[in-house]
Amino acid sequence: MTGAVLASDTARQARFPVQQERGQRAVFCGLTSIIWLHRKIQDAFFLVVGSRTCAHLIQSAAGVMIFAEPRFATAVLQDKDLAGLADANEELDRVAAQVIARRPEIRTIFLVSSCPSEVIKLDLGNAAQRLGEIYGGRVKFVDYSGSGIETTFTQGEDRCLESLTAQLPADTSDKLSLMVCGTLPDVVEDQFARIFEQLGIGPVRFFPARNSDDMPPVGSNTRLLLAQPYLGDTARALINRGAQLLAAPYPYGAEGTSAWLQAAATEWGIPASTFESVTAAPRARAEHAVAVQTRTLAGKRISFLPDSQLEIPLARFLQRECQMELGEIGTPFFDQQILAGELPLLPEGLRITEGQELDDQLDRVRQLQPDLTVCGMGIANPLEAEGLRTKWSIELVFTPVQGYDQAGDLAGLFTRPLLRKAQLGAQIWN
Amino acid sequence: MTGAVLASDTARQARFPVQQERGQRAVFCGLTSIIWLHRKIQDAFFLVVGSRTCAHLIQSAAGVMIFAEPRFATAVLQDKDLAGLADANEELDRVAAQVIARRPEIRTIFLVSSCPSEVIKLDLGNAAQRLGEIYGGRVKFVDYSGSGIETTFTQGEDRCLESLTAQLPADTSDKLSLMVCGTLPDVVEDQFARIFEQLGIGPVRFFPARNSDDMPPVGSNTRLLLAQPYLGDTARALINRGAQLLAAPYPYGAEGTSAWLQAAATEWGIPASTFESVTAAPRARAEHAVAVQTRTLAGKRISFLPDSQLEIPLARFLQRECQMELGEIGTPFFDQQILAGELPLLPEGLRITEGQELDDQLDRVRQLQPDLTVCGMGIANPLEAEGLRTKWSIELVFTPVQGYDQAGDLAGLFTRPLLRKAQLGAQIWN
Amino acid sequence: MELTFWTYEGPPHVGAIRIANSMQGVHLLLHSPQGDTYADLLFTMIERNNHRPPVTYTTFQARDLGGSTAELVTDTLRKTVARFKPSLLMVGDSCTAEIIQDQPGALAEGAGLDIPVVPLEMLAYARKENWGASETFYSLVRALLVRQAPPAGAQRPERPEGKRPSVNLLGPSSLGFRCRDDIIEVRKLFDTIGVDINVTAPLGASPQDLMRIPEADANVCLYPEVADAACSWLQRTFKQPTIKTVPIGVGATADFLQEVADTLQLDISPQTADAVCRLPWYSRSVDSTYLTGKRVFIFADATHAIAAARIARDEMGFEVVGLGTFSREQARDVRAVAKEYGLEALITDNYAEVEKAATELQPEMLLGTQMERHIAKKLGIGCVVISTPAHVQDFPARYSPQMGFEGANVIFDTWVHPLMMGLEEHLLAMFREDFEFNDNATPSHLACVGGTGHRPEQDSVANGVAVWDSDAEKELKKIPFFVRGKARRNTEQYAAERGVASINVETLYEAKAHYSR
Amino acid sequence: MELTFWTYEGPPHVGAIRIANSMQGVHLLLHSPQGDTYADLLFTMIERNNHRPPVTYTTFQARDLGGSTAELVTDTLRKTVARFKPSLLMVGDSCTAEIIQDQPGALAEGAGLDIPVVPLEMLAYARKENWGASETFYSLVRALLVRQAPPAGAQRPERPEGKRPSVNLLGPSSLGFRCRDDIIEVRKLFDTIGVDINVTAPLGASPQDLMRIPEADANVCLYPEVADAACSWLQRTFKQPTIKTVPIGVGATADFLQEVADTLQLDISPQTADAVCRLPWYSRSVDSTYLTGKRVFIFADATHAIAAARIARDEMGFEVVGLGTFSREQARDVRAVAKEYGLEALITDNYAEVEKAATELQPEMLLGTQMERHIAKKLGIGCVVISTPAHVQDFPARYSPQMGFEGANVIFDTWVHPLMMGLEEHLLAMFREDFEFNDNATPSHLACVGGTGHRPEQDSVANGVAVWDSDAEKELKKIPFFVRGKARRNTEQYAAERGVASINVETLYEAKAHYSR
């Protein structure tokens, strides 16, 4: 499935009249996912085949990461590549060799296609296969699309994992196993692993793993729990390989985390009493920590501009657990299938917008004057300058926010701008 | 011997008509030596008994040392201490206990008297004895004077080591041993130790040692080589305990280092061929390194304001090895006995001034217009602003400059201001 | 006796030298032993003055005691006046001379010099540098102006119609923190509202300038540590009102302008609307959101500590967890401010006490002096110097005021500098286990200045606290270092309050939830 | 293809956006896919602009390809003009759009809009950001002024008697390094010599302002990367002389004023004597002696690299051991300057090559860009950012020019900041073996910002070098870290040249003497 960036045309429940907009968008492309993927898979290297724009995009979005050696780079296309004067295969071979010379410990190289490489129809799938043969198992090559004409922001991870799925070993075990899919911060992964162990659910494997050789097997006994709400294509690819998707809300907040864990517990037939005894204490902690933030958030109105596909689960959390009022919820892509666990928890009459017509949408925000608007980095300060408080959405992707013990932190990300406004007061001068 | 700060009245060779001045001085007091002593003796603590001025002096002179935990402090006298309302012994006991509580690993505490403690006649000798008994061997207490009415700058080390001499174990061995006396940078100490070993001179012990428990024994078989030209009282105290002083120039430059080593070699009866084979290579290195600097220094005129007592040996090095011309050589204290090895190397008609009349001396510098003036930190920038190049004298005390492999560095300290002037050119603006 | 590792202030006579060095035509004769001449380097090396301070030291020695020291004073007096030809001579003694009681001031007054002589009483064993500066400045002002004093009860005449209002800027001094640039910035403020500066003193003033002080409509007490005594006397004697707000920070600058307007009966609103200050927008820019609630501990002279607290809370969005000063003379003011912040002020000149307080509070940053740099280094946290005592780097080449609108810009940049940025914090939190991340990561923009490797795991808060089990220790290490100390402290406190003997992972997260706010 | 870890410049269309964002009333329509909208954050997050840049992106998608993308252009064109009502519209395409060849410029020109339309050709696969900015600015200037051009061969009329001379300041742009403050400082310079500023552009200028450019007596090419093409065209077309000296550093500022004087036939000596600049004294202050011969490697845009080399050598007393730029368009100038320093310029936009050169040269400090921070961190040495690409910290709140006299003050402070101070170096050298000293000691004034713990022992220079015996290794460790790398390299080179297989203590000192200078 190579779904367009916009608009799956699947039928939707009448409760959610999803508006579609097809105008100017202000979103990152899928290459941006490399920022977290390259840190998560510690022996992988992401080689974008693209233009100087691609290189500049990633380093601008990840500009703060200069404290660590990057495991990504761009093979920047030159005039002669476009004019066909250079042989693309030779060029890729040369560049791949350079990467391997600099980072000999790398075990997987992702060849990531971009807008220009796709427009000129560079076949990275073929290239990956050829390079894989050249390096005969010493380095794996995997290709996927991170282009902005095909993917938006978090969809880059979806395409990456979808592509990786083809290479996962077959799980021929006759025992159930749980696959948690989607990049999670290390500390959150460890917490979930502990809880699953306490519940007696296992083996539990995380996808992607921290190393290329630890990628989980998949098979008909694999039960799939999505940790991130943007992995539709990956989920479908895993289903094609036999996995069964456990429908669940996403693990944001006490309620979301409980329901998410419950989905696995039900599948494993864990007794309610066990579930209760394992989750009661952390759930209570989460509820307490969220309650503290709710004092600030309750009754405040929040809008989302489309960005990360986290918008709908976050809106659910903020409305149900933090008592916020929901304004317009923009999302770059609305995927019915993977939101199945979320939709029943959303209130009637919610305004969901898929896609974007930026200027019109900003006009609606100005008119609604929400207390908080979640948006991309490019738009936040201009809205602030107009007197609107914003939450910079990329932080939501980079912060440990899933699970019980981060529920308070998640709510805190929304509280902070409001508290700051209260503390600093109205602006004087400038 | 508690020589006054100024003027030993010993007879002097007619070749050196030493002028004496008894006016305003601009020099540090002996407390300043604590800056290097407290770093050299790693388990010692220096407790000044004095005023806020004393504390402020040391921290101002050592202001840059904030990258290390200080092993010094001041017991600041209060009104009630002066009025006799507080019992000095009780106060000292309390303060010493505080020091030990904060730095329990300390093995020696030096009680250092200051101008005010001496004017009010506080008896720290008694206090040291009493405290020594209280802490019964666990912590040693040693007293000495670092006051500005008794000591100048490097004389603080002289008084410290003189006082420590009384506590040195007796050396009853019937074998000759060499004591190198005076604080040296660690790297220089190690180099000298290697050379003495290659020469077959030993055992060699350094005073002060890096730890309280390693202080060298002294006795009639001790041969004493001074590594610093300001240790007259210490030398005499060691002589009183049986040591024999080996007259030698100080180990600045190739010539000075060779002569200094030769004094020991002669005493140990080392064959000339051995001496030559051990020292030839490093001496050649030293000569080469100095020669490089001499290109800049030759023919340039240098004056010294009185400061560290290093003035005379340095003048000898700069004149003989670097071909500089000597202007006025000021020194705070001229000690015939410990300069015995240097005097024959100095040129006729040298103007040596002991003591100071600051304003008159500055007038003479202005009139002479030397290419370089060595002076204290307080005076350097004012002279620079008048267009005179200066060398900040405290650097000479803090830099590894002794021995063959530092001879080039020593010359380099004098070269640098001249090169800088050449590189930056005349000043424009301001 | 008072055990002193580092001292926040020099002795009082250093304050006197600061005043002498600030002024034109003033010379100080200081009866003191030779070691006291170290004070020269404060000016020539730290402040990079291109001249020696106008001080002559008698530099008496042991052999002079008990006889010739008084003679040395009169001799030096004669030589000094002949050589330097000052228009005014101040005479004082340092700590040691104070004991021998030669009374150099009286000797000088009796010497029949044809210039004004101002004797100083420095109380070396009870007072300190700032007091010495204040007392010296006050003594000078009083000595020069006491004869001009109007009769008691006389009213100050109204400012003549059409005459521009004017003020004196009192307090800026040599070695004072950023005084050189503050007075330029304050002058700009007064320019924009049409007020003239009559006299700035002591910095740059001559004794003749001091004589003109009463001509101004008000005195601006820019640095109370130095100018408070003089301002009070001028207010009593000449009925000159004192403007007391110190314009450090955006809010304080606004209040300052308001106080000026009220005092001089001006209408200033239209002009000040033009002022350009970037702090408010920079602080409200979304990349600054991470600053919210950063725990800062403030210890400085009273003026800068009070100003810093307000900026920290109201303009940067920090949490002020501790506030203190070594300025005992201004302790009452600092105590009052601390109360507003729900804190008890730490009033001490004992470095060890400040270190202890900072260690216990586990702040994320110190706003302090040169001394607090030591503490910050030990604790492995950021530090910004906001007050004397300061080092040569704190006397920069570039324009670096603390006061006024550009001062607020300078403060924003300087305070943010040592901190990890927001997204950077998050990335560190997310990928702690990436082998190419470094736990001791310096803020990325500082990465290149190298590291101390010196970020000790902080000791537990108190003795006898609960023991951490190994899983909990491991989990704690997953928390980025810049909040780990706080997490450790909170967890141990939580455990202690509940009598928990062994801390496990649950305890860690229980405490986290408990302390969430 | 060119393997690129970090890129020094964005694509050309980012340069076009910088010009649009610099100006008033100018809007840019950019034919591009959605991902290219990341460019907004450069302005709103790095430069903290309080408005979106005036750019509308078509954000075409895969499904639009092969049919509807041209339609999307005309549709967007219409909406954009209606919504933003610019006084001038620029139209261009980004890398991907360039391939599909919709010719948005031609479409816009044919759309019958009632505002000027300037089409841009961005050559995304051959050129980069600064070229894009330069080309855009030139295209704008040319489009607006070409009709005013006097006939070929016409002489420029003399400046009328009594009319004050005036210049244009060309080149300052949004996201340019310190442009905001440089133009204030340069304006001050011109104020002191009685020259008016006619137009400053593109920063702050409207199309109407650009129309007035020919009225000035000369153009000041402040940032050649952006303004060189426009200045050349103006010189050819309007016979306006170009002032080419860039006034960064004390010497260059003096030369700049001289060039201005010569060009405008002014006598400026009396006025400039009043200029206050602290760099010369601070650099000559004895505490700066330690700066002498510090080895610096410079890599930046051409303008700042050239200026930095001169300041480093002639004003700070450093040794310039390497000089390079990523500005290929100005490579010739940098090559010429490097030659004066006895160096071969490194001209590359490949980060890996710069890293390699810096590693081999073992400098004590890097003067570079955001990218050189990575390198400096790896090498454990200091770094100062002197040019774009830069981070948000390099767009400070406080006044921070690089040009003119205050610029020189700023540069002095900034460059000295990451270095260990002189006495501090000596103390470390003297007491290396004190257990309470830290080998990885950060400069004391930076101590509190924590450390990376990341100061790797540098690898040997080349493969197959001599082996160090254990005593020699130990001796090497006694050398303070900030010169240890150089000592290691020198010793190995010395050993290699002499075919010495094993390095002992003697070899170390032989090499030291050999390389002494």
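Letters are used for the chains, namely A, B, C and D, taken in the order the chains are written, and counting of residues starts over at 1 for each.
The rule we apply is simple: a contact is a pair of C-beta atoms (placed from the backbone, for glycine too) under 8 Å apart; a residue touches a chain by one contact, two chains touch by 3 or more.
Because the structure is a prediction, the values reported are computed rather than measured.
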| item | value |
| --- | --- |
| Of A-D and A-C, whichever chain pair has more C-beta contact pairs | A-D |
| Gap in Å, rounded to a whole number, between the CA centres of chain D and chain A | 36 |
| Chain A-chain B separation of Cα centroids, rounded to whole Å | 67 |
| Geometric centre distance via CA averages, chain D-chain B, whole Å | 49 |
| Shared-contact residues (touching 2 or more other chains) in chain B | 64, 66-67, 69, 377, 380-381, 384-385 |
| Chain D: positions in contact with at least two other chains | 45, 48, 50, 278, 281, 285-287, 373, 377, 391, 421, 438, 441-442, 444, 447, 452 |
| Contact graph of the chains (line, ring, star, complete, other) | other |
| In contact (per the touch rule at the top): chain pairs | A-C, A-D, B-C, B-D, C-D |
| Residue ranges of chain D in contact with chain A within the complex | 1-7, 9-11, 13-14, 33-46, 48-52, 56-63, 65, 76, 79, 83, 94-96, 99-100, 124-126, 128-129, 352, 370, 373-374, 377-378, 391, 452 |
| Chain C partner contacts - residues on chain D that touch it in the complex | 45, 48, 50, 278-279, 281-282, 285-287, 366, 372-373, 376-377, 380-383, 391-393, 396-400, 406, 409-410, 412-413, 416-418, 421, 438-455 |
| Residue numbers on chain D that touch chain B, as the complex places them | 250-251, 254, 275-278, 280-281, 283-287, 289, 292-293, 313-315, 317, 405, 421-424, 426-427, 429-438, 441-442, 444, 447, 475, 478-479, 505-506, 509-510, 512-514, 516-517 |
| For the chain B and chain D complex, residues of the former touching the latter | 36, 39-40, 42, 64-69, 71, 185-187, 190, 194, 210, 281-282, 285-286, 288-289, 292-293, 377, 380-381, 384-385, 390, 392, 394-395, 398-400, 404-405, 408, 412, 416-417, 419-420, 423-425, 427-430 |
| Chain C contact footprint on chain B (complex, rising order) | 4-6, 24-32, 49, 51-57, 59-61, 63-64, 66-67, 69-70, 73-79, 81-82, 86, 91-92, 94-95, 98-99, 102, 115-116, 118-120, 147-150, 152, 359, 376-382, 384-385 |
